[in-house]
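Two complexes come next, and they have one chain in common, chain A, joined by chain B in the first and chain C in the second.
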Partner chain A sequence: MIIEYESRPTLIHGLDPRVKMVWMLCVIIMSIVWTNPVYLVALGLSVVVFGFAAQLPWPKLKGVVSFMLVLAAIICVIQGATYSVKSVTLADPTRILFHIVPGWIPSIGPAAPVRLGGFVYGIGMALKILIVLLVITVFGFTTSPSEIVQVIARIPFIPYQVGFVVSTAWKFVPVVQMQMRTLMDAHRSRGVDFEAGGFTQRVKKTSGIVMPLFANSLSMADTMALAMESRAFGYSKRFTFIRPYKMTLGDWAVLSGSLGFTVVACVLMATSRLGAL
Partner chain B sequence: MPLGQGALGLSVCYALAAGYLALMWIIGSILTRQYPTEHKVVWNTRTISRVTILAAVAGAGAMIKIPGPAATIALDASAGYFAAAFFGWPVGATVAAIGCFIANALGGFASWLPVLPIYLCAMAFTVTLAVFVQKKTNIIFAIIVGTIANTITCLGPWVVMIGPALMIAILPSQLIGSAVNALVGLSVATALKAAQVKKRPDWMDQ
Partner chain C sequence: MAPEIVSLKDVTFNYKGSKRKALDGISLSVAEGECIAILGPTGAGKSTLACVMNGTVPNFADGELSGSVMVDGLCPRQAGTAKMASRVGLVFGDPDTQLFGMTVEEDVAFGPANLGLGYDEIMNRVQKALSDLRLTGLERRPPHRLSGGQKQATAIAGVCAMLPKVMVLDEPTSMLDPEGKARVFSIVRMLKEQLGVTVILIEQEVDDIIGLADRVYVMRGGSFVLSGTPAEVFSKTDELRAVGVRVPHIVEFGCLIGASTVPFTVDDVVRTVETGAWAAPQATASPQAEATTEPTAAAPPPAEPVIEVRNLEFQYPGGTKALDGVDLTIRRGEFVAIVGQNGAGKTTLTRHLNGLLRPSGGDIRVLGQPAVGVSTIELCRHVGYVFQNPDDQLFCTTVAEELGFGPGNIGVDGPAISARVEEILDDVGLTRYRDVWPKYLTKGERQRLALAAVVAMDPEVLIVDEPTTGLDWVESRQILDYLQRLRRDKGKTIIIITHDMNIVSLYAERVVVMATGKVVGDGTPQQVFSQPELMARACLRRPAMADVSVALWGEVALTPEAAAARLFAQARPASHDAEVVIA
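Up next, the complex of A and B:
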């Protein structure tokens, strides 16, 4: 996650993780459905309000947001130059804002015009990406990884084995990373410099770690299978959870609010193009 | 004309992902029928534990960074190729999809989350296709086909949504990254298979 989970006594942290996931999905759906930047800004601001309520450490997002702004600028210019939008709100979407190749360049300028419709559409697209990133950050900051996998394991129609695989794999990543570091140290002690050499040499050196890493993983998997079988994994089709969740009044309010708002927004978009550019 | 990142663009991309899955199923069925000893998988505890650990390796592989000529390359997909070549396509496809999910989750879903299901399907299809080509021809062709398939299936949806302009800029890093992952995954699987078959030299026991 961009910002790691921190346990804090906030209202958002206290929400049921299933409700937070539904809220996140609703925001993502609305960001897909709406194309008008004004609506997307409003949606983004609602996520920011959630972020403030969750005491999100905003300075940690500075690097990502700076990168996103550069990406947004590129998207806006490319979309403005290549995309011709059929707008329901803009009076003249084909109006030229500026040229990528300005007129003062002799013989080739002015060329590659950036049009208003495409440019505004580009802003909307950049906002879509930013909103999704932000909502995931708020969700990841307020929901612990173990809660996330608990929610995944509770999704209906998905076999509980999938939840088990995701949750266990997630927990094994640091173990594998530790093995990787040990292998790299072993190679370094034999004089291998992973930072030196060209690209091909670096790939070759890294392959030297990957081979024993896979071999180790296979023996680790066999040990894990023994441990699982000794605990009768797969004996019963029924699956129980160590931590049962109970919905509170606040959870129901956020859940019904998110779902209701999403349904209304989708219906209004389909019937009267509310939220379309 | 690009379809945009709205409902229409995404629907078309999800339809594409369904196509990847259908193709994977067809290719996988052929592999299972023709090579049952290698590609018929029983989903017991041992298989589940293998999928789990290899998915963790994929997640950890995302943190192995090799500075490349176009961009930094991560070894997140190699576990999927390895699993498909070593344990059969069903295990490989599952590892590739779950590994891709974990690698993305660890990176904070920095790529747009709604396209993640498409990536998962694309990865599952790519490793199955690469192993199919490896069985039918050789590892070199498998790496080439895997690289091309991975690039097309991962960048394809973006071309549908926002057009080819931005994708051309990403193309070199995507191509190199795909090639390195396919090379590492398939060659390690081949080497380990050979090591299993090869008789242990007598001098090692002395």
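Up next, the complex of A and C:
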């Protein structure tokens, strides 16, 4: 998770986790179905609105967004240079925006033209990735792992232990991350410079962390298993959920809005290519 | 006589592949409502004994169990751990590995929910457990946001909600600050006195066991070597020392002054002294008395500063201000203890000193040179940092390689590394393990190795974060004695972060007290322990010996030896006067 779950008194946090899960899936479906960047921007903005309503700590996303912008630029250039522009319904999709190898380079330039159609398609691709990342972040920030467990565990025929294992694995990720940071700090304190040296040397230095990380994680997991067993985990086939879910008016509104919009949008896309590039 | 609830008869357990028995002929009978304490050095078999009582040993551990174990009418091995959970609650030392819920309420409900109880019943139990453990109001808080004491209280509440008749607490205070420890001991008292729960408490904190436990058992090598009431067991000071259990300082003091009855509380000591129920000093009063390390006597002359911190500020990315204008100067050759409750900023401050953290504001100088912006790779040559958990800093496949790892990284040449390795192996008593995988060492040996691996880099300043966590008294003394030798013989500057005020009183010559990201106190241990408001502000408890000396003379004596000397000195003029009168 880019941002861990935080309990906050917002409308989005208060929504039924099942509804949030449906909303998330609907957004992911629409991001796959639509290819037109204009529509994708609108979809992305709707997720941003949810993020603001959930008081998402945006500064924490700075690093990921910076990385995404670089990735988006690379995608746009690659798509612009390689995508078959015939399938794009733009006014002048074959128009050359620039060349990857500029004309001033003697004997080989200009070469590898980046065309408008492919470039715009690339923007769409980058937006899709950004939207999926953002919607999962909003979901993860507003829905506790135990709520996810409870949703999974209430699916018929899935034992609650499965949901619990999923949730524990989820919670374990930041613990392992913290452990990794500590191990790296301990290495630095003993004179290891992770930034120095060539690729092979860096890999060798980083591999020094793997063994203790693995051993410590196993030891921690072992103690956790012991503590869980000591609290009767797996004793009864029945597990009592302490959060009975009741759908509120807001839940119904978000659920019907998400499902209704997705169905209509998919139908329009299939019949009149609304949302296609 | 209350009925027996725990019965162990001639219990022996051998871990698969181990040459030594973890439990060797243990017999134990505990009556309902009783509170027993089990003491002993690490590796004595205490945790194995705890796990036998709820069936995790042998059901979760490869090995052979013999003898009879019955807890509340069930054999844990046959019943299984999950079934035993509603009869025996087991609480471990590290609260982080036993909290599973996203909120305190969910965590406390985890056990009853596993039992498949109805929603109303679960919530009733949760509310009662939260109320009993003074956690009401924290229901919606994520457990990882709680203080150490609150986390452990939540873990205990989770066990209480299963309504067990027996609670086994395995070193529940080992990772807590003094306030957290006090909270856990008050909970144990409440479990025993108000809820009537049978408590089996495995502990290293001997001062707190007196007055809490009905009976005390001391283990070594998988067997009980001492047992009886606290008074009976703690009176056997020589036997306790031989086993490696710290003798409570009040008892130590009583022995040193030849008290007619061994004192166990501050009131006992005051009564003994006021009634004159103590004998004249003897030259060999305590031949095996723990070394007196009078910090003031060993204090070096003022030297040049090695660490200078000015108006240091640090804010975590989430916005939490961890350091708020810290000013601190540490001089060459000092032995400084940084104390304060969890979250006070101790580790954050020291991590700035070797460049692991970059400050948000302020200035740091190491050996007179600016250190802000200088990398850890550079600073580690001058400031060595030993982390709290040895397992986070042992990376190599043999002990000798581990010691050579740091010097190799900073460019020390091969022959010099070999010489250093041999010297340090000898210094820390690990020569016979030079080719052993560090993971095979005991916790105390691993801690010594982690410290030695940093010492091998020959830094001028050594920072050691919580060097005694999870260690027994003998192991703790070995670590601290080594640090003391490094300071005395090699002129190293030592900075330790600790919650153990007994360690502070025995070794530190200077105490820096931190609270809410600031230095709120700085002085000798005597000066700091003499300020009750400062101690309260930093949520610290001064050692029992300080309480005794303040009650007797209104001033702090740090060790039993110092207090005894003070008493003798006070008595001497009187006896001299008496002689004069007689003459």
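Definition applied: the second predicted complex is superposed on the first by the 187 of 277 C-alpha atoms of A that agree within 3 Å, B and C clash if a C-alpha of one lies under 4 Å from a C-alpha of the other, contacts with A are read in each partner's own complex, and residues count from 1 in each chain.
Rule of thumb we're sticking to: a contact is a pair of C-beta atoms (placed from the backbone, for glycine too) under 8 Å apart; a residue touches a chain by one contact, two chains touch by 3 or more.
Being a predicted model, the structure only gives us computed values, none of them experimental.
Of the two partner chains placed around the shared chain by superposition, chain B and chain C are both touched by A:220.
In the overlay built on the shared chain, the residue A:35 is in contact with chain B alone; chain C does not reach it. Of the two partner chains placed around the shared chain by superposition, chain B is the only one that A:166 touches, whereas chain C remains out of contact. Legend: residue contacts after superposition of the two complexes on their common chain; A:133 is shown touching chain B, with no touch to chain C. In the superposed model, A:96 makes contact with neither chain B nor chain C.
By the touch criterion defined above, A:7 lies against chain C but remains apart from chain B after alignment on the C-alpha atoms of chain A.
Touch criterion not met for A:65: it reaches neither chain B nor chain C. Contact with chain C, but none with chain B, is seen for A:239 once the two complexes are overlaid on the shared chain. By the document's definition of touching, of the two partners only chain C reaches A:190; chain B does not.
Overlap of the chain B and chain C contact sets on chain A: residues 168, 175, 209, 211, 215, 220, 224-225, 228-229, 233-234.
For chain A in complex with chain B, the residues that touch the partner chain are 1-3, 28, 32-33, 35, 64, 74-75, 78-79, 81-84, 121, 125, 128-129, 132-133, 136-137, 140, 161-162, 164-166, 168-170, 172-173, 175-177, 180, 199, 202-203, 206-207, 209-211, 213-215, 217-218, 220-222, 224-225, 228-229, 233-234. Of all residues in chain C, only 51, 54, 56, 60, 81-83, 85-86, 89-90, 92, 94, 96-98, 100-103, 105-106, 109-119, 122-123, 126, 140, 142, 158-159, 162, 317-318, 351, 354-356, 375-377, 380-381, 384-385, 387, 389, 391-395, 405-406, 408-410, 439, 453-454, 457 touch chain A in the complex they form.
Chain A makes touch with chain C in their complex at residues 5, 7, 57, 59-60, 144-147, 168, 175, 179, 182-183, 185-193, 208-209, 211-212, 215-216, 219-220, 223-242, 244. Residues of chain B touching chain A in their complex: 1-2, 4-7, 10, 43-46, 48-57, 59-61, 63-64, 66-69, 75, 78-79, 82, 94, 98-99, 101-102, 105-106, 108-110, 112-114, 162-163, 165-166, 180, 183-184, 187-189, 191-192.
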